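Just below sit the structures, each encoded as structure tokens.
The two complexes that follow have subunit A in common; it is paired with subunit B in the first and with subunit C in the second.
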Partner chain A sequence: MSSHVDGNALAGPLSEVFHTDMTTAVCCCDGCGETTTLASEMVYGAHGLVVRCRSCDDVLITIVETPERVVLSFPGVSSVSVERGAPSA
Partner chain B sequence: MTDWLVGTVTDVRTETPTGRSLTITVDGWPGNLAGQHLDLRLTAPDGYQAVRSYSIASVGDGPAVQLAVDKITTGEVSPYLVDDVLPGDQLEVRGPLGRWFVWTPEDTRPIQLIAGGSGIVPLIAMARAHAASGSIVPFRLLYSVRSPQDRFFADEIAALESDLFRVDYVYTRSAPEGWATPPGRVTPERISAATIPVSETPGVFVCGPTGFVETVARALVDLGHEPQSVKTERFGGS
Partner chain C sequence: MAVFSRGFGGRVRESTPDLPPGQFLTEDFPVLSAGPTPEIDTAEWEFTIRTETGASHSWDWDAFRALPSELVATDIHCVTRWSKLGTSWRGVSLDTLFEEVESSYDYVMAHSYGGYTTNLPLEDLLDGKAWIAYEFDGEDLDPEHGGPARLLIPHLYFWKSAKWVNGLVMMKDDEPGFWEQNGYHTYGDPWQEQRYW
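Right after this comes the complex of A and B.
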């Protein structure tokens, strides 16, 4: 992949961990305060994924998948808000 | 958790010189909304796996899922899907995925669709859903392609065209003979001239290569569209 994509591409990897579709969740960037749906953020990488704030480019989330585990870290997210009862896909 | 399902390729069609559509019949597929995607996983004999996301052109219930893929010559997965896959072959898929870049008939805003190349795929699903639902909200499509033969779903788009579904093309490299505008990329002027105006507060869906999407989204916001009314899906590439 020669260019970044957007948070829509996280739907599959995150479906392994969360039971609702996380791309419609609203994230608040700890760096600049930008608040938007995860689908609108920028995503880099192919094997490990790095999610960056669309506004200030800070790293919000990293996702590393191994055969046995999915490792999520949230270095730049101050909150994630998920609608109750949201469908899985 | 969304499980991996095994699908069987049941139809393959050449759409453009570098792209084709595939229909995969997937037992257990729950149906999908217009604009959703799936993840497709290929496994090599040595166990190496590659996963890619593909938008879904089909919409609604039933086990048949249609994708359309443009070949990235340096890619790992798309050359296989465009050049090698045959009916009867099996592919692993996971989905449907994503509930953000979707259109449902409950949305009563006018809708502007803007596609670059194979970015038409989720947008044709929306046009199909619009036609199938009998929705009377106006739809309009602006479709940017290199040349007339690079249009995916050209005959179907022509058949869907109506007062409620207007279609405009931008040709970036070669236009049909007698075409009013010389070939060139989408510009703010072209977008302004061939899309639903801001005054009608449309919802806008933009899908295509990352550079295309970012150019178009910036132009739309500059024209006065609210950023929240512009939904984008980037598939990377050039």
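Right after this comes the complex of A and C.
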């Protein structure tokens, strides 16, 4: 499909790499400066997942899953902010 | 991502010898896009080949369509494991487009409306191996499938057949395009299963 879904579709693929819910991570687009959660971005499914800025369409992140590895690229992200979990008692 | 055993792939090929290893037949024409489908008016369309001297060779839609075209019957193979056999296209051979182009470089970066890129050796574009296609099954190429015009390089995985192509830039060295930077093989021969890095 050439249409997109929202960033909640990233929860599964990213949980294989990051041990926190990355859909709540806040990304800043290097192109336009839009800052929002990954869950709010646009995700296209092609030969891998392509995350695009909901504001300017720039490619933020690509995720390619091969049999041996997950290849993550961040061509259009200037920062990623991840909330720390509650400190353990 | 699911990984298929060699044994299963082998059985598929035994019954369908035109199918590269690890591929499965489809009768559909799946649409895979890394972004929104660009709206391209043929009145605005342009295709340009740029060389190391700074020379550029450009065709607008009318000039492009005035070039001799060829009917191409071919199989296509997507790296996501579907293959479609006996497809029918019409397009202009890259041999025709390169007739007036002089370059000593051996590699090409294809560029598309929307920003997509893919890298190719020049020799894979010449000698009747590649076209700029504008018809599929006798109809204008649908925008979802790359219309008004796309690359058609059927001997490589189909991500190399860039949709919405608008230019080729000659390169001295082989540099990775969009998917090639992000995990996919730099060449992409389906018969060698050159899918990933």
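Some points to look at:
Just so it is clear, the second predicted complex is superposed on the first by the 81 of 89 C-alpha atoms of A that agree within 3 Å, B and C clash if a C-alpha of one lies under 4 Å from a C-alpha of the other, contacts with A are read in each partner's own complex, and residues count from 1 in each chain.
FYI, contacts are C-beta pairs under 8 Å (C-beta built on N, C-alpha and C of every residue); 3 or more make two chains touch, one makes a residue touch a chain.
In this text, all values refer to a predicted model and were calculated from it rather than measured experimentally.
Residue contacts after overlaying the shared chain place A:Ala11 against subunit B, while subunit C stays out of touching range.
Legend: residue contacts after superposition of the two complexes on their common chain; A:Val50 is shown touching subunit C, with no touch to subunit B.
In the overlay built on the shared chain, the residue A:Val64 is in contact with subunit C alone; subunit B does not reach it. Of the two partner chains placed by the overlay, neither subunit B nor subunit C lies in contact with A:Ser78.
Shared-chain residue A:Thr35: touches no atom of subunit B or subunit C. In the superposed pair of complexes, A:Thr23 makes contact with subunit B only, with no contact to subunit C. Under the contact criterion defined above, the residues of subunit A that touch both subunit B in one complex and subunit C in the other are 1-2, 4. By the touch criterion given at the top, residues 1, 3, 31-37, 79-80, 115, 144, 159, 179, 181-184, 195-197 of subunit C touch subunit A in their complex. Taken together, the subunit B residues at the contact with subunit A in this complex read 1-2, 36-39, 51, 53, 94-101, 209-211, 231-238.
If you check the complex, the residues on subunit A that touch subunit C are 1-2, 4, 44-48, 50, 52, 57, 59, 62, 64-68, 71, 73, 75.
Residue ranges on subunit A touching subunit B, taken from their complex, read 1-9, 11-12, 15-16, 19, 21, 23-24, 37, 39-40, 86-89.
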